[in-house]
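Listed next: structures, encoded as structure tokens.
Each of the next two complexes has chain A plus one more chain, namely chain B in the first and chain C in the second.
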Partner chain A sequence: MSGFWQGAWTGWRLAFSLLVFPGFLFSVVIGFVLSWVDRVVTARVQYRKGPPFVQPFADLFKLLLKQTIVPEGASRLVFLLAPMLGMISMTITAVLLFNVNLNPQGSFVGDLIVLVYLFALPPLGLIIGASASRNPLSAVGASREMTLYFGYELPFLLALVVPIIKTAQVSGGIWTIRLGHIVMAQQQAGPFLYSVSGVIAAVLVLLAVQAKLGLVPFDQAEAEQEIMTGVYAEYSGVALAMFKITRAMMLFLLPLFLITVLWGGFGDWWAILKFLAIVVLVILIRNTNPRLRIDHALRFFWLLLGGFGILAVILAYARL
Partner chain B sequence: MSKLGLWGLKKSPWVYHLAAAPCNNCDIEILELLTPRYDVERFGVVLVGSPRHADALLVTGVINRKSLPRVLEVYEQAAKPCLVICIGSCTCNTHIFRNSYNVVGPYDKHLPVHAYIPGCPPKPEAMILGVVKALSKL
Partner chain C sequence: MAGRRIVPIGPYHPLQEEPEFFKLVVEGEKVVDIEIHIGYNHRGHEFISPELTYDQVPFLVERICGICSNSHPMAAVMAVEDICNLEIPERAKYLRTIVHELERIHSHLLWVGLAGHFIGYNTVWMWAWKYREHVLEVFEMLVGNRNHYAMNKPGGVRHDLRPEMVKPIRDAMDLVEKKVWMLTKAVLDDPVILSRLEGVGILTRAQALAYSTTGPTSRGSGVPWDVRRDEPHAAYGLVDWNVICFPEGDVLAKTKVRMLEMIESVKIIRQCLDRIPEGPIEARIEEVPPGEGCGRTEAPRGEVFHYMRSDGTNRPLRHKVRAPSYMNIASNKVACVGGTIADAALTLAAVDPCYCCTERMAAFEDGRLKYTWNELLKLSWQKTERVRARMGR
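Our next item is the complex of A and B:
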């Protein structure tokens, strides 16, 4: 009997951590607060006042009430399932990241590769949904999103090699990609950011975060002025709300990920300040740059940032 | 309509700007609303690029034989509930183009209109007032 209760307790805890804290509910609420911060800072940059605090929640409730239209001739199932892909993957990411930070010695397996794949799912959902919607503007958006994805993934992965090398150096030559080990190594030897290669890697990850969030200068996939929000053009109602939720969760989780792998994890209260600093930096980059053309963006990521990525790996290897 | 959803609709009306043969003056006044001077994002108003996202269609210009089918199509593409807000005298009563050969009458002959904002062009303050009145009727 006690085995049964233990099983029920574990199941309940798993469900709680997926649905409430630190999974779905918690990260959505924080993400919405952050998207309010984003809109208010943007407004302040433009000498406006900006929306009230409850604005993202009002947007959400309104979208839930609205009609969800499936365009004529679109693949109904794929069109409606695609928005869920990103939402589910971000929920799992939230649980993994928080467990790693709160309990780095824990025995569960959460490694860097899993997170890289989980962060690849939201753009994939976007591409699938946009391609299923049978709208020429969405198709252009989907192709741009795909190009952009291949663009930013190269410097992103190169930058993530840096913490792996540094962890191996700290822990005496044991190669590992476990996030828990990376966090523990940083608690031992100080955050990886405070070195030349760490700074380069952080800048690369920051730019990749900008592109993953689809913010200017890397918002080609949804350029309002050219292709009418591109990938989102055919989405309405609940499906659009799911995309908004995914976007809000990413705004919360990507900076958290950056802190985890390069800036010492989420161990102390300073982490909140670090977190806000990254978010504000992302918003300011967004507000002070023009949109790049898609081929320029690709060249920027592959030639310039790819070169810096290789440099960062070599410097990390040389213990700089 | 649930209470929460209705509250959301009132606090976050996303508008789609549907210019059906205006003289462009009304459009410029609409864009004025988004500038720092009036900043309608304070009230949650956002200009969206796709009729699927719209909660209110801001229509401008006098409706004619060419633009009528397009306007109807955009209205059908919008996710309901969707308000139609007529901006400018052209939309309310066809204005000086009344006796023109291809004008097919004011908007309320073809679409359910929720607010009329007369003026040539109306002031931005008048537009905000009109949207507020249309929303408080819901």
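Our next item is the complex of A and C:
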């Protein structure tokens, strides 16, 4: 009998952590609060006032009430399932990241590679959905998203090698990709950010975050001025809302991920300030740059940032 | 490589919010061909104009375009004055010049903002339009309106410059000059902006001549034409200024032309304020004799041309308008091809197209008239009937 209750309790806890805290509901709410911060900071930079606090939520509810239109000739199933892919992957990411940060010693399996794959799913969902919608503009957007993905993934992965090397150095030559170990190594030896290779890696991750979020200068896939929101062109109603939710969750989770792997984890309250600093930095980059052309973006990521990524790895190996 | 696809921009432009249709034929990201369709909006100005008196015509042509709402009436009244062979008073000449140059500044700032928006740089957009606001405030003080200034009348101007207005105008000019230099430096110093503008949408000198482009579009391609200098009217022959011209022909050159032209405009306005003489602001026209006349002036987008024929009554017999964008939009045919979609969106905007200026003529397709006047009326009636039927009336 107790085994049953224990099972029920575990199941309830799992459901709670996936759906409420720190999973879906929590990260969605924080994400939309952050998108309000984004809009207000952007407005202030541009001498505007900005929307009231409830605006992102109002936008979301309006979208949820709207009709979802599936374009004629589109693959209905793929078209409607694609937005879910990113949303589900971000929910799992939220649970993983929080468990790792709150309880780094735990036997919980959460390693770096799982997270890299989970962060790869939202753009994948976008590409699939856009390709399924049979719209020439969406097709251009999908091809741009794909190009961009291949672009930023190289410096992103190179930058993530840095914390792995550093963790191995701190923990005496034990190579690990467990996030818990990375966080503990930082609690032991100080955040990895405070070194030359750490700074380079953080800049690379930050720019990759910018691209993953699809913000200027890397918003080629939706470029409303060129291809009329490209990948989202055919989406409406609940399906579009799901993309917006995914975007909001990413705005919350990607800076959190950056703090986890490079800036000492989410152990203390300072982390909130660090977090806001990263978010504001992302917003400022977005507001002080024009959109790059997609071929320029690819060259920027591969040649320039790829070079810096290799440099960061070498420096990290040399304990700098 | 992907096959050929068509990326439509229009028939209602999502950003410029005006009726035009560019069919970009693309291979992947590369634009290999472009079809330009204009003529979605028939406004019938040239039809209405002969039904109005010479005093009413400026108010009509002012509404051809909300941005160049001084260029059109100025050219129209110059056409009337040409028929009458009338020299307007000196003070009126200076006043026309001041308003005309203020219009150029606000129009170019508007374009800078839009160009920023087109390359995804919304901060530039908001900032440029904020500085434009100062110019609009000057307009409000000077003529009472932020747009549609109603400044020109046959024989002179309607509003006088009161002494207390001089200082606010000078202050606004100082501010605008400072901010324009700031924006210019920001554009020329930012490598990311340069990578988006340099070498994009090149229109060579020969192409600019072949397509008869006007205004900043041709001056950015090394064709130093400017009606203000070539046919001095108003006070342009009486003040000291330069024609800005760059030979490269890309979007960057057009941007630089517009930026530096704003500085020249500030220079012109300051000199006008220094030198403006006392005296009457209009010459009286007793009657318009039979004959024909034309007025040309340099609108912010290029040469505006108005032709009028009079039969001795108080209404024009014929009134013909040629707007600069009509010539400039066609040059996209060569400027856009070969670039990417991202470049095309910017290049299409770089001629600063003004569709409301352009869209006044009948639509032609394959060399034939698409709609006659009666057909247009019929279409309009049919639509009214449809709407009525739907609403159950």
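The rule is short, and it goes like this: the second predicted complex is superposed on the first by the 320 of 320 C-alpha atoms of A that agree within 3 Å, B and C clash if a C-alpha of one lies under 4 Å from a C-alpha of the other, contacts with A are read in each partner's own complex, and residues count from 1 in each chain.
Everything below uses one rule, namely that a residue touches a chain if its C-beta (ideal position, glycine included) is under 8 Å from a C-beta of that chain, and two chains touch if they have at least 3 such contacts.
The structure presented is a predicted model; accordingly, all values stated were derived computationally and were not measured.
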item: Chain A as common anchor, with chain B and chain C clashing or fitting; value: clash
item: Chain B versus chain C as contact partner of A:Ile69, first or second or both or neither; value: first
item: Partner chain in contact with A:Glu224 - chain B first, chain C second, else both or neither; value: both
item: First, second, both or neither for A:Gly306, with chain B first and chain C second; value: neither
item: First, second, both or neither for A:Leu60, with chain B first and chain C second; value: first
item: Which of chain B and chain C A:Arg48 touches, first, second, both or neither; value: both
item: Chain B versus chain C as contact partner of A:Arg39, first or second or both or neither; value: first
item: Set intersection of chain A contacts, chain C complex versus chain B complex; value: 46-48, 224, 228
item: Complex contacts: residues of chain B adjacent to chain A; value: 1-2, 4-9, 11-12, 36, 39, 41-44, 48-50, 52-53, 55, 77, 79-81
item: Footprint of chain A on chain C - complex, ascending; value: 2, 5-8, 14-15, 26, 28-29, 116-127, 130, 190, 192-193, 195-196, 340-345
item: Parts of chain A lying in touch with chain B, wherever the complex brings them together; value: 39, 43, 46-52, 54-55, 57-69, 224, 228-229, 232-237, 240
item: Complex contacts: residues of chain A adjacent to chain C; value: 42, 45-48, 136-137, 139-140, 143-144, 216-217, 219-220, 223-228, 287-296
